[in-house]
Amino acid sequence: MVLVVEGKKLCVGYESEETALWVVENLDIGVEQGITYCLMGESGCGKSTIGNAIAGLLPPYAKTGGELIILGKKVIDNNNRMFNGIRGKIVVKIPQDPSSALNPFMTIGGQLSLAIRNHFPNLTDKEVKEKTLELLSEVRLDKEVYDLYPHQLSGGMKQRAAISLALVPEPKIVVADEPTSALDAYLRFTISSLLKRLQKEWELTMIFITHDISIAKHACDIVSVIYAGRIVELGKAEDIFNTPKHPYLELLLRATPHRLSREKLVDIPGIPPPPGRYPLGCKFHPRCPYVFDRCKYEEPSLSKVNNRMVRCWRYNE
Amino acid sequence: MTAQLYSTLQDIFSMIKKTWRKRIVFRVACTTIALIALLATIGPYVAPYPGQGIGIEIDRTKALQPPSLEHLLGTDNLGRDVLSRILFALQRAITSCIVVVFISFLLGLFVGSFMALAPKYLEILLSYAVELLLALPSVLLAALLAIIMGGTYESIVTALIVTWFPWYGRVAYLQARSLRELDFVKIPIYYGLPKWYIVLKHIAPNIVAPMLIEALSDMGSVVLEISTITFLFGIGIRSIEEPDLGMIIAYSLRDLTTAPWTFIAPAITLTIIAISFTLFGELIYEQYHPVLKKRWWLWF
Amino acid sequence: MLTLNYIVKRFFISVLLIFGVVSITFVLTQFTPGDPAVIWAGKPRGPGATIAIAKAREYLGLDLPLHQRLALHMYRFFVGDWGVSVEFKQQVLVLVVRNFVASLEIVVYAFIIAMPLSLWLGTKASLSRGGLADKVIYFLSVIIAGAPRFLIAALLYLVLYITGYSSLGLRISPLYATFTGYTGFITLDTLLNGNLSMFIDSLLRILPPAISLASYPIGVITRVIRVSLAETFEEEYVRQAISLGIPRKIVVRKYAYPNILSVVAQLSGLLFSYLLLETMVVENVFSREGLGTLISRAIVASDYPLLVGATAFTAMVLIIANTLADIIQAITNPRVQL
């Protein structure tokens, strides 16, 4: 299958005046066309960084290594990032907090029109307005929203508006960075359903970043679990949560409340290691209940187990 | 309390040290300030013509001479050595500036902190009073006080203290207000410890550090303000012989076109003082400002 | 509606503050150390002194009970009777307003010059953050703002002198006696009178002091805009716009500028107060009539009523200006509901 997004030994790090550290190291990632690919993990595990890297939104003081190829074009080659023509046209990002993603000084219609005019300079004013209204209806927003300012919208409406803004350039790849985290619980499914529908209708390839297991189950086809900047398990959404293989995923599921289940929640001891202080060997070994000697010194590689990829010595003989 | 004072001073020192390491201009500003302080202390003793500096001696035969080896900055309209005049005036300017800033700072600090702990009605009343004082123009107030207090230098100092301390008061009040919700302030209040004690021991040490840096930076503006007032109105100068930067500049304007050095020398001195202090404060602020710290090219 | 709330509150506070100013003037006139009547009469000496002091005593109503004095003072304040100037023998209020307006004209023109220039410079600096333009603009603005106003004014004066235009700073020329002033703003008045050549002349005359004065706000506003824009460029919605490929010019104009309006408004309010005082220095260098000359003569003559009146008037104008600036700041502030 054609890989729309392909990362080979991708590394991303940040350099500040005091320190320089790699958040993501030697990541191999492959996303197929038309799939919703989930990057799942706790806060600080590097999933947002990966999302930003794919969307071309890494700040200039970031360092990269390895390769990232989008639709056949190399956009990251060691420390060179060449996103001109890709960023904002082929790949877009839906940000986490919709309130800060919309210009508070312009109406929704105004912002959309501006983006549309910028992208399709040959349209007449009437056509621009039509297109704006079309986009609004795609995200199920009323026509009246056109003249409203962001602060007059509710959280869910703001998120829809942000999504519509991202869809203006008719992209092929959409990176959704925790699109539901800033919303109330009941809105989450609405928005994730919206995204799922949009993905099918527009034949998008979606990179869905989240830490919410139920959303991942609902909206995503393939799920990759990230820990300490590495993929530790990769598989189909319907399989991976029913039969977790990697200890991290196992513990994660046990620590997450499932509705209608009265099982006791078990906490995962310890905290995820901060970038720059990743332990030797398997990055999860300090917190792993199944740890044995090999885990402490050698880092396992991602290997195929049945229909899954797992990075764990228990499966990697 | 000395321990807290020491730790506050340490905080300030570390801020200064860090900025010193990072920006060359800051080093220049700091050295200039040190130089100014030095000159202000020993100025009158190293002035080449101390009698002329203080204004006792005049020599009309040597009036308005351009800078030469004898008189490094030339002579003014009464034949006095400009350099000596400036050195004497400098001491006066810096001492009065220190007095103003020191007193306003302390006054503002304590009034502001006290305001935060006071009962509600007092708090509102005091903040109203502070806002009112902030609306008063310093220069005009100095003129007013000059008449009441008989045209002494104290009227300028008083006027400036009255108009400056509300600034510190407001800052201190806002900071203290956020502190008063914290336990280490609430508990002593609950136990009935006297308010002044709490302010002294708990609140003041925590808000002093950034305010002190600002106070140092303000010194530049205060020197300018004092000179402006003396320049305009000559308040507090009992005779035109006395050295005062504002007065020197005011009288040198007469001969601006014929003997520009008499104006430029003291004016540049003032400029250097003002800029050094301002830069000092601004550069430290930049160093700790989260956004400006990132020195990278914008990516569009 | 949070903003409406704020506006009403602010307006109310400003009214209270003005009352505060009235009270301060009351204290300043009636409770000076020594004999208030002597001070009010301008510390007179020689023949006629006792008469003057007696008149002052009667005027101030020092023999009346306190509440009556207060009522009298308040009434007079709002009616416009602020006393008679000892030195100029005219109504204090009239004198103060006339000279105040002369100084105000310079301040207004200084703002008109400073605003667009600062905006341009600040934008340039923040767009090349850390680069050459940024450093140059920053240090230039520190220097011209840090230099005392009389230095810049004197330098400008020297330039004019050398080029033979030194009378340019003077406010009026003998030709000016031929029109009626409406606003006291000479530039406006000449325009309103329809006299174009005089208008241009008056405009030219106000440029040197206005430019000298403008140096301060240019230095300060440029730096503030530089920082505010830098902060705004970090905002998420600006990054979104950039990532969607919206060109830089539009991002700056439609996304960044509206965000800094409130900061600039508040700053302008503070600057206004400072500039009003700095104008006196500039006027002095260019030998112009204005608030500065008024006060100087008042001090020499111990003209207390005039000084009290000038302080009160200036304080009130400052309160109003700051209130306006605060209200604009609240309206344009994106953090609060627009």
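We just call them A, B and C in the order they show up, numbering each chain from 1.
What we mean here is this: a residue touches a chain if its C-beta (ideal position, glycine included) is under 8 Å from a C-beta of that chain, and two chains touch if they have at least 3 such contacts.
Note that the structure is a prediction, hence the values are computed from the model and not measured.
Here the chain pair with the top count of touching C-beta pairs is B-C.
With every chain reduced to the mean of its CA atoms, the largest distance from subunit B is reached by A. For the pair subunit A and subunit B, the distance between mean C-alpha positions equals 54 Å. In this assembly, the C-alpha centroid of subunit B lies 23 Å from the C-alpha centroid of subunit C.
Rounded to whole angstrom, the centroid-to-centroid distance between subunit A and subunit C, based on C-alpha atoms, equals 54 Å.
Residue positions of subunit C with contacts to 2 or more other chains are 242.
Listed for subunit B are residues 294, 296-297, 299, each touching two or more other chains.
Interface residues of subunit B, counted against subunit C in their complex, comprise 25, 128-129, 131-132, 135-141, 143-144, 146-148, 151, 220, 224, 227-228, 231-233, 235, 249-250, 253, 256-257, 260, 263, 267-268, 270-271, 274-275, 278-279, 282, 289, 291-292, 294-300. Residues of subunit C touching subunit A in their complex: 235-237, 239-247, 250, 254-255, 258-259, 334, 337-338. Within the complex, the subunit A residues that touch subunit C are 55-57, 87-89, 92-93, 95, 97, 100-106, 114-115, 118-119, 149, 151, 162, 165-166, 168-169.
Of all the residues in subunit C, the ones that touch subunit B in their complex are 13, 16-17, 20-21, 24, 28, 32-34, 39, 43, 127-131, 139, 142-143, 145-151, 154, 157-158, 161, 223, 227, 230-231, 233-234, 242, 248, 251, 273, 276-278, 280-281, 284-285, 292, 295-296, 298-299, 302, 304, 307-308, 310-311, 314-315, 318-319, 322.
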